[in-house]
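Shared chain: chain A. Partners: chain B in the first complex, chain C in the second.
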Partner chain A sequence: MMESIRHSYHLVDPSPWPISGSLGALATTVGGVMYMHPFQGGATLLSLGLIFLLYTMFVWWRDVLRESTLEGHHTKAVQLGPRYGSILFIVSEVMFLFAFFWASSHSSLAPTVDIGGIWPPKGIGVLDPREIPFLNTPILPSSGAAVTWAHHAILAGKEKRAVYALVATVSLALVFTGFQGMEYYQAPSTISDSIYGSTFFLATGFHGFHVIIDETTSTPTLITSTLRPATGYAVLSIFTGMAIAEIELDAPRTNTVWLAEELRKEKRSVSLA
Partner chain B sequence: MAEIELKTAPSDFRFPTTNQSRHCFTRYIEYHKCLNAKDDGSVDCEKFARYYRSLCPGEWVDRWNEQRANGSFPGPL
Partner chain C sequence: MSMMRSGLRSACALLRRPVGGAAGKPLALNKRRFASSAHDDEYETAKWEKLTYLGIATCTILSIYHLSRGHEHPPEPPAYPYLHIRNKEFPWGPDGLFEVKKHDH
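And then the complex of A and B:
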């Protein structure tokens, strides 16, 4: 028998998912380290950890959906929590990427004598910014524009248009990461090639990883809303509560990072010419 | 009695900071570029050698000489 509540906060029931998520994350990190170093069974532990983690994500969010749609726990006050969480996450990411730009500028604007005082360091092949980077530059902001379209469609209650816009968002992001993958595959240098490779692949790699995260978080929303419209609408409404900050701030921010990176490449090719 | 003249590298407006690492490196580069450009036996390059020898730590010069010998010197020569 449910007692009457005199406040708008969601006091959660005991759940196995926090501990199963923690174990999955532990297996993933340990397995990941083992996989990247010469240990036996690293790939197995990594795969198990990732499967466990994905399973936890699925069942945990399934429970969250039930709590919101069937039990009505997602009050205005509750929605504030993930909102502040998203904003803090984005602020932390801005600082994270700012550090990469600092590292890159520190190393390239006044190259030390240890790398011969020149940038790029001797023997390092440089990508031509007028090839794939130039092609990708309009693609990623288009994906950002499409997600803004999706957001406004959700706010206006136009569910079908929101789905179209999310399809466009994810497709453009997939094209972007496809080209990025191709560029990495054909790149003349690697992450272990001097400070140039380290700063370049750390920054562009984390940026690409971020785009992939955006794809993988948008896709389940999309699939749910297409296959099960009733649940899908709930997913979309949670999406508004939780992801408004994410969409509004993060997509333009990610694209700004990309554009800044492009400008940096462009400037470098000018200084080489 | 012959007077011994002690002189370090002259101050160079390209390197106005207290830290003269880059000055040392540049003079080393200039010396070797000069050697490449001039005929053998030219004395014009000697001043660059004096400059880098008075500016650079000995270990740095040894390391760079080794790197030039095995083809791994990173500077623009």
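And then the complex of A and C:
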């Protein structure tokens, strides 16, 4: 069979995982809506859907690893696929966050009568930009530096250094989300406090969610690389394929979004004073 | 359709053809391919490792400073209609996430 292949593309075998993933996603969304509106069995359906999704992720990525290590399907041409995918994802995320910034600017430039005609609305406590925001701002670029270190270490063939660098990346991301959680918990306003709370917590919350997804996808990579070096190297190389696009595009981007967020806070506290 | 495809293919081939490159040497080889590295990776690894340590040191100092200062609790604002909006009850009870808990349940 292998002799007849005259191209560098990976024509995949039939697999049950796309349909099982779709069913899991359907159960998760329907269950989620049922849970939010207190329907009977909503929480059960939501949990089942999430378990189904997690199971699909596990077995699908296990198959991908086998296709990479045992069958050697991940040629240069194949590696381009996830790279384009990551780029498209980041581009869509930039547009997504741009819309939130637009909503915030729209509401703040001409505050409506309903919120007292001023921005921030009266009664909204604004976070001090010299506290946790000032601390979290250098944490993100440090995490970006660590992931760039990982990137070059992988390309230089220094697998051990790459693992150390990824440990540093994930740890910094964890510290970031930890401080972010602390800030949310201590914040004088919540998402249910006027358009200020809605736009602020939606934008920063989605950014935090992105960082949490980065943490949860990098952690299995790290564990595999440490426990099973042979498979681990394959995971690392798949990770490079997908992550390089993310590293090069995303680290500066998330940081820019974050800095813009800080500037908005700064502006607000100035206008409040 | 097939005509369009073959037209596209020849257009791509034209683009790929070495223009002005050295004799017999395709231009693509000299160019940086997308995201793969064009630098000395040994040097870059060492540089970014140092930068990471610098970042970690800065963040550690800032964190210690921040955590040692503590924080203040702002006064409760008056019940303006645009604050604390509730259109329906949360599935988990009356208190929102990240809110000071007011109900014993």
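By our rule, the second predicted complex is superposed on the first by the 270 of 273 C-alpha atoms of A that agree within 3 Å, B and C clash if a C-alpha of one lies under 4 Å from a C-alpha of the other, contacts with A are read in each partner's own complex, and residues count from 1 in each chain.
Rule of thumb we're sticking to: a residue touches a chain if its C-beta (ideal position, glycine included) is under 8 Å from a C-beta of that chain, and two chains touch if they have at least 3 such contacts.
Here the structure is a predicted model, which means the values were calculated and not measured.
Peer 1: Please determine, from the superposition on chain A, whether chain B and chain C clash or fit.
Peer 2: Fit - chain B and chain C, as placed by superposing on chain A, sit side by side.
Peer 1: When the two structures are overlaid on chain A, which partner does A:G41 contact: first (chain B), second (chain C), both, or neither?
Peer 2: neither
Peer 1: May I ask you to decide whether A:G117 touches chain B, chain C, both, or neither, giving the answer as first, second, both or neither?
Peer 2: So A:G117 only meets chain B here.
Peer 1: May I ask you to name which of chain B and chain C touches more residues of chain A?
Peer 2: C
Peer 1: A:P16 in the overlay: touching chain B, chain C, both, or neither? Say first, second, both or neither.
Peer 2: After superposing on A, A:P16 lies clear of both chain B and chain C.
Peer 1: Quick one: minimum Cα-Cα distance, chain B versus chain C, in the superposed arrangement, integer Å.
Peer 2: 5
Peer 1: What residues on chain A does chain C touch that chain B touches too?
Peer 2: Residues common to the chain A contacts of chain C and of chain B are 114-116, 121-122, listed in rising order.
Peer 1: Help me check something: in the complex, which residues belonging to chain A touch chain C?
Peer 2: Answer in residue numbers: 35-38, 42-43, 80, 83, 114-116, 121-125, 131-132, 134-135, 138-139, 141-143, 145-146, 148-149, 151-153, 155-156, 158, 161, 165, 168, 172, 175, 179, 184-195, 244-245, 248.
Peer 1: Which residues of chain A touch chain B in the complex?
Peer 2: Chain A residues touching chain B: 113-118, 121-122.
Peer 1: Please output the residues of chain C touching chain A within their complex, sorted ascending.
Peer 2: Touching chain A from chain C are residues 34-37, 39, 41-42, 44-45, 48-49, 51-52, 55-56, 58-59, 62-63, 66, 71, 74, 77-78, 80, 82-86, 88-89, 91, 96-99.
Peer 1: Touching chain A in the complex: which residues of chain B?
Peer 2: These residues of chain B touch chain A: 21-22, 24-26, 29, 73-76.
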